[in-house]
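Before anything else, here is the set of structures, which you'll find just below.
Shared chain: chain A. Partners: chain B in the first complex, chain C in the second.
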Partner chain A sequence: MNQMFYEFKPLNIGRFLIWSFFALLLLAAPLLFTSSLDQTMLSQMGIAIIVCLSYNMLLGQGGMLSFGHAVYSGMGAFLAIHTLNLVSNGALPLPVSLVPLAGGLGSMVVAVVLGWVTTKKSGTPFAMITLGVGELVWAMSLMFPEFFGGEGGISGNRVTGSRPFGITYGPQIQLYYLIAVYTFVCTALMFAFTRTPLGRMLNAVRDNPERVEFIGYDTQKVRYIAFIIAAFFAGISGGLAALNFEIVTSEVVSGYRSGAYLLFTFLGGATFFFGPIIGAVLMVLAFVLLSEFTKAWLLYLGLIFLFMVMFAPGGVASLIMMNLRVAAFGYLRKLWVSYLGLALTGLTVLLGAAVMIELVYHLQLNVALGPEMPFLWTSLHADSVNSWFGALFVMLTGLGLFEVCRRQYVREWGEIQEHIEKEIKRRETL
Partner chain B sequence: MEFYTISLLNGISYGLLLFMLSSGLTLIFSMMGVLNFAHASFYMLGAYFAYSVTELVGFWPALLLAPLLVGVLGAGFEKFFLRRVHKFGHVPELLITFGLSYILLELVQLVWGRGSVDYRVPEALEGPLFVLYGTQFPMYRGFMMLVALMMLLAIWLLLKRTRIGLVIQAALTHPEMAQALGHNVPRVFMLVFGGGAALAGLAGVIGGNAFITEPGMAATVGSVIFVVVVVGGMGSLAGAFLASLLIGVLQTFAVAIDASLMSAVQVIGLTVTPDTFGYALWKLKLSQVAPILPYLFLVLILIFRPKGLLGTREG
Partner chain C sequence: MSQGVDMSMSAAGPSQGARAHSPREAQGMPAPGGSAVREATSVGATYALELKDVRKSFGKTEIIRGVNLAVRAGERVAIIGPNGAGKSTLFNLISGRFAPSSGEVLLDGHRIDGKKPFEINRRGLSRSFQITNIFPKLSVFENLRCAVLWSMGYKYSFFKFLADLEDANERTEELMDMIRLDKKRDVLATNLTYAEQRALEIGVTIAGGAHVILLDEPTAGMSKSETTRFIKLIREVTQGKTLLTVEHDMGVVFGLADKIAVVVYGEVLAFDTPDAVRANQRVQEAYLGSPVAQSQAGNHT
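Here is the complex of A and B:
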């Protein structure tokens, strides 16, 4: 029976649990990971979560593929660092904890101006215009060294202003908790936004703009307002980044940065609200750890992205949700052997391919260091045919076995989906 | 006078190069609805291929071989990657080309190194073509213009005078109907994508040695050709031609003019000092503003003529 009335639900236990868990996670993370590298990474993750979620407000909810989101996070960062310097000079009596808000409001103003042009179109032209506007701001950042600081950027000092309860934001851990509070509040606000009539209209504009126009809404206005709100959150994240690094260079408005937001929001999963959170965590891990680990990380990133777009366009989040559905119907234990097989053979392929890629990089970049290349816990000889053939053999074997496992898995997956469909039908008839 | 003529010629040759790139992009876009983000990467690939082929067999074979290689790569990418995500819609299609641009950039750096390579103009084309008011106009610039114009003519003939051109035009507007009439539309798509990539590769062959062949070359023209496509009107080949020339000439002139707003108002007797409000804006020279002019142009076009110069559809 269809419900024709709105039923007020006083307490949604599942949602309450998830949000409490999220808050606890933010609270407990620096207690579990205590080294200073971990704490910087956790701070960066918080910042990235806000900006990826704000990006997904455009991409996932509004269907607006922006190539210039870094303009808003970057302008937020610049405005925040200028505000911080005003506070340091004593010209502005503002507590440091509110500086990110200044960044958010500032980039909102930027979005009011630039967004009006940008949101005139949707779809592919929108993507091209954001790219153009992004390039415009990036080129301007080198033109006005008074505001953007030229090559050296603009630096500030976050230990300034009033000190409520002795909090100076000097130690990283204090700043982390500020970022955590902002992350939690912004995430909650952005989730709340998806439940507002405007958020729902935004989904409608994404799915069927023509129909929305017929009902009497102005699609451009809906996109425009959503764009401004997204810019506000992006600006907050930029402001937090300014506090975190205490320096802002013109790199923060570059197209490279915008590309990274797009890439990781998509990898995390644009179709679910929590997808960008996963993407943001992956982004920081990739930028900080993977880039330390291997020189070829951009190549790996590009390849992962390519395969994700081809085989899992819903990102990591959609993979999780699909398996949750299988688990909910109690079929997951049938699949774990296949998953084990896939993981093992996949790792074999990865090992072989990685050895070859690393060997090529070694030959190209580290010729001066000699042909010996350390790899994992062994050392490989880049000149010897053995290492090349070994790697090729490992990769091809892995590839063959992977294909066998994949076919088995696809068959099982299909059967399970059929069972689930039947089960759903059966429950409906009850 | 001399300055205007030479700048105009340089601007036109740069504009024609931009057109070689944007024509492929426009064709691919209007046909498949795919905004090919890796288009400028194909341009870069063309230059690097030409560099390697020139080392092996010389420039003239490279002029033919490098675009062909790039075209085959493009067609292969369409067949094995792009076609598979077609069912997911336009955004994944755009994203997969975006991912490709990352991979191509990284691969190029892997094979040819992170610096620029020494890809030179062939000896037969060195030297001046003619001397105008005492300034030499390089022969290679003339060659670039010739190649671009010949390519323009070839595309036009192909689209308007041949059978395959007829099918392409039909598939452009009514893909289902063309398929129903028994034409292999996916193969036409593959050909167009490969052809567009080959055009970008050709632009790379003749542009790589006129400018500089380095891993950053894709990024420098990449966003400009998107501007060209939007300014000209999405999917309009004639519009792309007009916009390429306009932007080419605009940028070339702006780079060469050393005037600022300050000097302009000084002509009518106003003085601007560092204390004047907005001094940062007043003192900017036109040559400094040159990099952002295409984007400013884009914004102005979007405000005053949203469908582009010669575009027919809006949105």
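Here is the complex of A and C:
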């Protein structure tokens, strides 16, 4: 009789719709975005989604702040490219589509060894050990060129082996669909993991490790097994990356990579399962598009991260969920004027700030090209006082108006939250 | 309330040989030897929980100074004593939070001293905490289900969905009814009232089906009426189990316990039935008769 109240229902329509939509999105994305740059980016997004979700298994679900997750995606990539080369040499009769799996399994073996040391501790010591292990592997990658390929890395050729149904993985689109299948399956598996006894105990270990010990669980073992599973998925992501780029350099195990996973998982939102998916999409957009757009992209990224940590520590996902809650109670209509105001004034601030940042970068990096700097659809003069004062004026005006909008918004938001709380209380008493 | 025959039984430990009438017999329940009660497996083991000359030092300070205690299956033992006497430390030693510096702790005749908390828990000893210690970000239901999982044999499984574990879910629902939190099923533990959190703490403690339960000041911080209700709850949920509880409220102690252990300055001053303890001259001098104790008995901390 209680069965009907259990949270997971086999015929949960909402969940079914969401997963169908996700599958459809993966399927249809290359039809909407058809250029080769789009396809490259979509492929990278799939790869990033898997690795960010696997990272969040540690960070969001297990409370394990790892600074060395790239070790596992990177080792997966290396093991996959070596496997691919074995396939090319005819030494291994393995279809190319299963090469990422080899990366995953290999990465798992690495985690069985390194993770045993890492998960001995939790909290800050855990973070420190991951940092140490990350540095260790990074240093090793330069010491053993036979395996890591030294400066040049290891390259391979994914058009090899058997060709079922004529699929060669030569064209990017074919590889994209392989990545899409892996992305969907891995996402589903990682979501399923959160619904298992171990997945739930991982949450318990995150919240209160001491108590877990007194209900029969070895917290270290919970962390260890979760760590190995996370490494498996990271390895698959690395393997897909190896197929995608057909070259793996030691950069993939670097602390820089690990930092990017941490940053974007956090940006996307570590407290919700789907947060890292958003983070992964943002990561690829930032690395591929933003870096093309401006030389100051890392600065912008840093600023975004800073504001996110300060004002929305739950990431983009939490912002979405908070507004969905408001929408569910029918109050979102009241907010759209405020949101429009915030967006316009925010963009004004950004415009002013961006002009100044770009002018500084122009003066520092492109002096030889003269003081003229193309900016958006116009051109600015870096030596002219007008440009600087104009930018400052735009930014300050924007800032002032933004503050006005923000106060209005905060007031409205607070009122709406009160209404919602009352509404919930009322429903509870029914 | 039982009137145990073994009044002579002192804090010095087990008197080998004839087993005195247990409280269960006095209550007309099956004797410890019966099949209803889990019996010790090793030869010669008589007690559910036994402490032999347990000592614990922190640095040079000896906090627990040679405690002997033997608790029969099904007995309810209250541990009383002034603040800082070492009651909570004793619980920490038994439950594996700390290892004793010397001495033995036996659960069903098997040594458990020095073992990890989860190993001890798996052998059937579970404890609660003085300061509420639950999973704040999980719902009431999830809290209890987490505590149920190991004993149901699900261990570190990640090939089964929680929702499909019918036995574990049923048991969780039962527990929720038992601790009267069925209406708060999906409320996060952090959003419960204090009394509800204390109830959940008890629920998490008993969830794994342990046969020896240690409750560390279960009623601490509760109002008089809450305490009365709560004691009734504790009686219900620990029915037939061996219970050790640290308690300050003397009314509760004399109402709940079959036996009382008086711990003063890291030693067991007396271990006997409530009446015998009340009559004990040394206890009166050291604890009950003193003005301090009276004030403590009045407003439990």
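Criterion: the second predicted complex is superposed on the first by the 420 of 430 C-alpha atoms of A that agree within 3 Å, B and C clash if a C-alpha of one lies under 4 Å from a C-alpha of the other, contacts with A are read in each partner's own complex, and residues count from 1 in each chain.
Going forward, a contact is a pair of C-beta atoms (placed from the backbone, for glycine too) under 8 Å apart; a residue touches a chain by one contact, two chains touch by 3 or more.
These figures come from a predicted structure and were not determined experimentally.
Chemist: Pick one for A:Ala192: touches chain B only (first), chain C only (second), both, or neither.
Modeler: In the superposition, A:Ala192 touches chain C alone.
Chemist: Have a look at where A:Asn203 lands relative to chain B and chain C in the superposition and call it first, second, both or neither.
Modeler: second
Chemist: Once chain A of both complexes is superposed, is A:Glu213 in touch with chain B (first), chain C (second), both, or neither?
Modeler: It touches chain C, and chain B stays clear.
Chemist: Based on the superposed arrangement, let me know which partner A:Phe144 touches: chain B (first), chain C (second), both, or neither?
Modeler: Once the two structures are laid over each other on A, A:Phe144 reaches chain B alone.
Chemist: State whether A:Val222 touches chain B only (first), chain C only (second), both chains, or neither.
Modeler: After superposing on A, A:Val222 lies in contact with chain C but is clear of chain B.
Chemist: Under the stated touch criterion, name the partner, chain B or chain C, that contacts more residues in chain A.
Modeler: B
Chemist: Once bound in the complex, which stretches of chain B touch chain A?
Modeler: My answer: residues 29, 33, 35, 81, 84-85, 88, 90-92, 94-96, 98-100, 102-103, 105-107, 110-111, 113, 219, 223, 226-227, 229-230, 234, 280, 284, 288-289, 291-292, 294-296, 298-299, 302-303, 306, 315.
Chemist: Spell out the part of chain A that touches chain C in their complex, as residue ranges.
Modeler: Against chain C, chain A makes touches at 2, 5-9, 192-193, 195-201, 203-204, 207-208, 210-218, 221-222, 225, 229.
Chemist: Quick check on the complex: what are the chain C residues that touch chain A?
Modeler: Checking each residue of chain C against chain A gives 95, 116-118, 121-122, 126-127, 129, 133-138, 142, 145-147, 149-151, 154-163, 165, 169-170, 173, 185, 204, 207-208.
Chemist: What part of chain A is in contact with chain B in the complex they form?
Modeler: Going by the criterion above, the answer is residues 59, 63, 65, 117, 120-125, 127-129, 131-133, 135-136, 139-140, 143-144, 146-147, 255, 259, 262-263, 266, 296, 298-299, 301-303, 305-306, 309-310, 313, 360-361, 364.
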